[in-house]
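For clarity, chains are labelled A, B, C and D in written order, and residue numbers in each chain start from 1.
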Amino acid sequence: MASSSLSRGLLGYRVNAVGLVASAVILFWLFIALFGGQFTPYPPGEIVDFDYFGPMSGQYWLGTDYLGRDMLSRILMGARYTVGISVAAVLISCFLGVVLGMMAAVIGGWLDTCLSRFLDALNSIPSKLFGLVVVAGIGSSIPVLIGVLAVIYTPGAYRFARALAVNISTMDFVTVARARGERTPYLITQEVLPNILGPVLTDMGLRFVFIVLLLSGLSFLGLGVQPPNADWGSLVRENIGGLSFGAPAVIMPSIAIATLTIAVNLLIDNLPVRIRDRSE
Amino acid sequence: RATAALAQTPVSGGHLKAAGWSASTADTLDPAKASLSTDYTRCCAYYNRLTFMKEDGSIEMELADSIESGDAAVWTVKLKSGVTFHDGKTLEAEDVVFSLQRHLDPAVGSKVNSIAKQFKEIKALDPQTVQITLESPNADLPTILAMHHFMIIANGTTDFSTANGTGAFVSEVFEPGVRSIGKRNENYFKPQKAHLDSFEYFAIPDDSARVNALLSGDIQFAASIKPQSVRLVESQPDFVLSITTGGNYTNLNARMDLAPGDKAGFVEGMKYLMNRELIQKSALRGLAEIANDQPVPPMSPFHNAELKPREFDPERAKSLFEKAGLLGQPIPVVASEAAASSLDMAMIFQQAGAEIGMRFDIQRVPSDGYWSNYWLKAPVHFGNINPRPTPDILFSLLYASDAPWNESQYKSEKFDRMLVEARGELDTARRKEIYDEMQVMVSNEAGTGIPVYISNVDAHAGKVKGLLPNPLGGQMGYAMAEYLWLEA
Amino acid sequence: MASFVEIRDLKLGAVTDSGRDIDIIKGVSFDIAEGEIVALIGESGSGKTTIAMTLMGHCRPGCYVQSGAVVVDGKDMVQLSERQRAAMRGTEVAYVPQSAAAAFNPCKRLLDQVVEVARIHKLMPMDQARAKAVELFRALALPDPETIGQRYPHQVSGGQLQRLSAAMALIGGPKLVIFDEPTTALDVTTQIEVLRAFKSVMTAGGMAGVYVSHDLAVVAQIADRIVVLRGGEVQEVGTTQQILHDAQHPYTRELLAAFHPVPHAAVAPAPQAAPVPALEVVGVTAGYGPVDASGVPHKLALRDVGCALEKGRNLGVIGESGSGKSTLARAIAGLLPPSSGSILLGGKVLAGDARQRSKDELRRLQIVFQLADTALNPARPVGDILGRPLSFYHGMKGAAREARIVELLDMVRLPAAMRHRLPGELSGGQKQRVNLARALAANPEVILCDEITSALDTVVAAAVIELLKELQRELDLSYVFISHDLSTVQAICDEVMVMFAGEKVEHLPADRIHGGAQHAYSRLLFASVPKLDTGWLDGLSRDPEFSAALARR
Amino acid sequence: MNPQVVSLVLGRLGVAVITLVIVSFIVFAATEMLPGDIAQILLGQAATPEAVAGLREAMHLNDPAILRFLRWLGGLLQGDLGKSYANNMPVADLIGGRLANTLKLAAVTSMFAVPVALFLGITTAMYRGSLYDRAVNTLVVGVISVPEFMIATLAVLVFAVWLHWLPALSFTGDTTTLMGLLKAYAMPVITLSFVISAQMIRMTRAAVVETLKMPYAEMTLLKGASKPRIVLRHALPNAIGPIVNAVALSLSYLLGGVIIVETVFNYPGIAKLMVDAVSTRDLPLIQTCAMIFCLGYLILITIADVIAIVSNPRLRK
């Protein structure tokens, strides 16, 4: 019947060790994404070694890839794309999905029916077909890539958020707010959202992982990141042949992906909590 | 590490599972429509051609007993006797007429319609003799007839859900995009029948999956593996690599009727900026021969050995680009998985450009639709050309002013004239002379940069024997089924 | 005499999210003998529920036992392992929760849930358990005892559910039963039936009991001894007679005194000054479920109800559970648009649907929901909950808003530190007061109060009533006061209306409810109000006229 | 079953049908927007313009799109899926065997993954906050962070190439023994399970944790019930709605999303068929495949919705 806690306070927030480590990892990758380009020992497209799938060495810290390019430089450059695109796409898709889902649940009626049918229909279109049509229709660039990812992942976020919000929106406290005359924006942000935030964030964490991985699939369609740069998923994919030699070229980007995605999910599970009663 | 086939006596029997690299529901048993390597391999197993090109590039008779002509315009084909189709019907001249004539029918959708156009008239003189009259003389006809599309099918065939041919195997199972199984044809007309009891062929498009399937023993033959997988196969004791360098190449094309290819100097600069050695060593892991921007491969008797490949000379390229007023301007270069190794080549090219202040923006595009949407269309793009048996076919397909696949929109009246002249020339020495000059013209004038000829590497289990390299491509020019045997 | 339960120097604490400990129970000790019923009474938030829970060896999330012993039948619940405690629960000690509606799994049949204790502890064959359950249903005066178990929780009324949860606690034949305010949700007539049933079953089984309540009259009927708690400490322990008639501790006296509230001295009506009623309800019909072609809902909960409320005066609404009291409040507030009839605020017709009312109309008419549990957003601290109407209606910000929040909390007798708590960390009565404070924050003209004192002890309830009266004097407010507690209604209302099955059956001045009632049901209702007298309940059973009326209902 | 449930279920089905019609329109429009002239692609580069025009005419490609849509929809309704452009075989024949393969793989995977995922989701909810819970959660995220093709390739390398325990290819055309079948399916099933389980585990856990916070769960604890009993008998029946939704969404991936697994194990399923069809611009085939995916998805979420409705006794009466 006792409870203990490893946590400690920080600027009015309670954080725990796991959350701290996770945020450190995320900050590290964010830093690399922003400034990593400055530290690349070689241009990411230059073939520096006639050998391929080279081991880690003093000269090539993370070995070389299938063409003999420096892996460290490629990972440093790839961070920009992986982190940037995934973060943007996950934020857009979750924002859209969650906001629309909550609106559908709170407003209900025709809006709910139409939105649900439309997004269900969208969700059932195979993403490859969708990607191809988009490339053909509006061409390829990083914003288009982000848009495609967002469109692919919005219906899922919507369905999930709506299911949660429907339960909340029938609760008395929402009725109280309605009786007070509150408008939909307040209802969804202040009354519904705080009560579904936990599962929604969990869902967002998973979605982030899926998006990081889908990136490499879409680059096959020519969407987005153009050579010589590549996102981490594509780095794993283009060097997959090195797996049988245990080449760092395939293992290192995998580790980069894993550290980033696990850190994001751990941080979501261990978010800092605002300490409500301070001095009193 | 090419394999020299040891002089061993072939053993009969066994079931061979072999995997190619491309498959789709468009898989077909109709030789006219065959367009993928898997189609070729299947057609070779089930059908025969009139002639066959051997590993040294010489022509051997297959269904034909002889092919002769006095003026290279009217050809008489005598057929072997006693050849039967799988359904029991005997091979007659009418079958040959039907098989060749159908390429001219647009409804068939033949892939070699443009080559077949030179057949002015095809008629049966008697059940064993066919006469082919050409629009204009062409000394290469026996070689042309060795192309995979000119397989002989039974007169009147329209249903290709199974294959009724004369080949060494009888089609048992055919599921497009999935697999096919053929059983040995016990009535095969050649004295040496197929060695294998049965031959199963399917495609594993994923390169590492194909290699892994071979290494795990699921298949005994993996066609065309990527250079990067070579090391893995080499490290295993029981597997053998078979390397053939045919005329397959991936080239960088600049259309000379569009910017920037229309600016004098761009094309030449582009050729000087291609680091052929690096492409050969890094992108292709040495499994390639350096080429000199023209399509006739070294193993062809008509190859111009005098024509040396251009040196990698960035400085010279720089001054050429500068003269063209293009230095520093962004130039999009379209590449795709669809054209083998083109992305790697593009990157090497881009990097070389970056060092002299040229900005090449690589546009990676989907392999779906690449050939219809980007190839031949984009101002600067990559292409990938499969081996063709004769310089005539190569030039008329790719460089003649009216060539359907004129990748750089190269136009030269002189070239066109020489092409016709060489075609009708029965004197081989004179032909070689003309072709030599044409190769120089293409190398210097056309907007196609051909850095290397890419070798084809087939990998197979050590107990698979009988494989010989062939200029028409890997898998013995796709005709391996008939010749392979399994060590007991 | 060896006691069945011995609580020794029990101390409980909770950890706040800054890691600070707060003491909730500060060294409580008392005993319960075998077969004895002990009542826990005291201030709202004094730790009654918390102590009752420890008898089960259970703490709410966030709370923990600091020290002390809770010995039940020779075993210290604090020291036992979770498995040993599980073995005790249901067989030795059983619990009847405060809110029966919340305690039943909505998707399982009632009978299965009732006999589950027997199944868990393998007490008897299932057939026998079912038979025993039916027997209990009969003993607890449930209708259709044979078949009621086949229903789902939402298919029975609140009063029935409360009895079913008692059956659930009693089926394992426990030696100690804990009742946590088991009758607060019931109207007085139902309450009588339930109390009787409890008493007879417990006497028959020789069970000991802990009865948590703030209703002294109810406690008087059922308890042998009373423990008076305040601020986590025992103030006084004594037999029921002793406490009721000869209380020593000043706090106990305070509680007792507050039980008899000062009857409401109606503010002298000024008919000439205010010709327009503050609120008028005209022929309202409303209900739930799908509406048919003529716009009438499938299930009618209000039929042609009308009433008027003069400015500065109060209307009490009483009636049986399920008679439509809350529905009336919802219809007035615009949450359940009536299918016919109209609602006038200050003489102006309001739209049926709250969404079509103006912000000012909404501000002037506030509703306090009956179920404080669900009416407070569990994810937002109390300060935010109270602050929102302040900024929404009055545009208050920053320090002014903060000051007003503290002021509001103080008005409902809550400490300022409460504003950082989440609703889940409040006791039942504390939630109810936050709920009221939120309505006050809007500075309304009319407040619809739905059972706002049901979970409050007499002292705090009296204070809240006093507050309402004071506000009324200052600001000329009007209240619609829904309650089943007649003494409270009497304490504040000028007029009383009685509802029965969705209809208004009686409307009379508050001072005439005894004697003035015409309708048979109202008379029964008024007669059912328990008296602060230990023999009242037993006396009733001997009154044939009353029993007959109760049975006829 | 009471009429209310029947009408609710019928309503759901009606909604599914309407969605299907919307979807068919979107699919048709999307395939129309794919670049490249079909006749041109079919005839190859060397085709003459006249031949292309003739083929377009023969294939009714010159008709207005809406007419072709209606014709196609009409065909679909009569069970006529049309003929493949690429090799003139009836689409139904091309798809038949492949669809069976995909369904087989999906069935085996769900039979394996769903129980495991539910077990993990429920047990982590039961012991939430424990070391076990944290370990499983981190592991789950870790596993899905590894690209699918990497898991698949690694599995092949280890189990097929190095250990020779399992075949590298999963084409089961000529395996007849049960053991052979198990071996052939082992790696694709495990790879797919890794991919689809994460969402089911995390969402099951979230749903069960939510219901465990309900007062009746606490009440059951006070009846002396063990943790497993509280979770299985009380929390789970109430959490079934969100759980079946998560399961349905995950399983819908098994129809169209398995392209990587089909590629690496060379399993002839419908996802690869669709990719092939896209590259050959075989419109009837693309449209049929896309419709199959949509239909599968809609069937799954409709089943989930119906289960959610039926499991709620307020509607079951």
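Everything below uses one rule, namely that a residue touches a chain if its C-beta (ideal position, glycine included) is under 8 Å from a C-beta of that chain, and two chains touch if they have at least 3 such contacts.
Keep in mind it's a predicted model, so treat the numbers as computed, not measured.
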Of A-D and A-C, whichever chain pair has more C-beta contact pairs:
A-D
So, in whole Å, the Cα centroid of chain A is separated from that of chain D by 23
Centre-of-Cα separation between chain C and chain A, whole angstrom
48
CA centroids of chain B and chain D: separation to the nearest Å works out as 39
How far is the middle of chain B from the middle of chain C, if each middle is the mean of its Cα atoms, in Å?
88
Shared-interface residues of chain A (touching two or more other chains) are 132, 136, 240, 243-244
Per-residue multi-chain contacts in chain D, two or more chains
34-35, 153, 157, 161, 278
So, with touch as defined above, which chain pairs make the list?
A-B, A-C, A-D, B-D, C-D
Using the touch definition up top, name the residues of chain D that touch chain B in the complex.
34-37, 40-48, 50-51, 54-55, 84, 86-87, 89, 94, 97-98, 153, 156-157, 160-161, 164, 167-169, 171, 173, 263-266, 268, 272-273, 276-282, 285
Given the complex, residues on chain A that touch chain B span 43, 45-47, 50, 52-53, 66-68, 132, 135-136, 140, 219-222, 226-228, 240-245
Touching residues of chain D toward chain C in the complex: what are they?
214-216, 218-226, 229, 233-234, 237-238, 311-314, 317
What part of chain B is in contact with chain A in the complex they form?
207-208, 226, 228-229, 231-232, 278, 281-283, 285, 335-337, 343-344, 346-348, 350-351, 354, 361-369, 373
Note: in the complex, chain A contacts chain C through residues 1-3, 5, 7, 9, 14, 171-173, 175-182, 190-191, 194-195, 197, 273, 275-278, 280
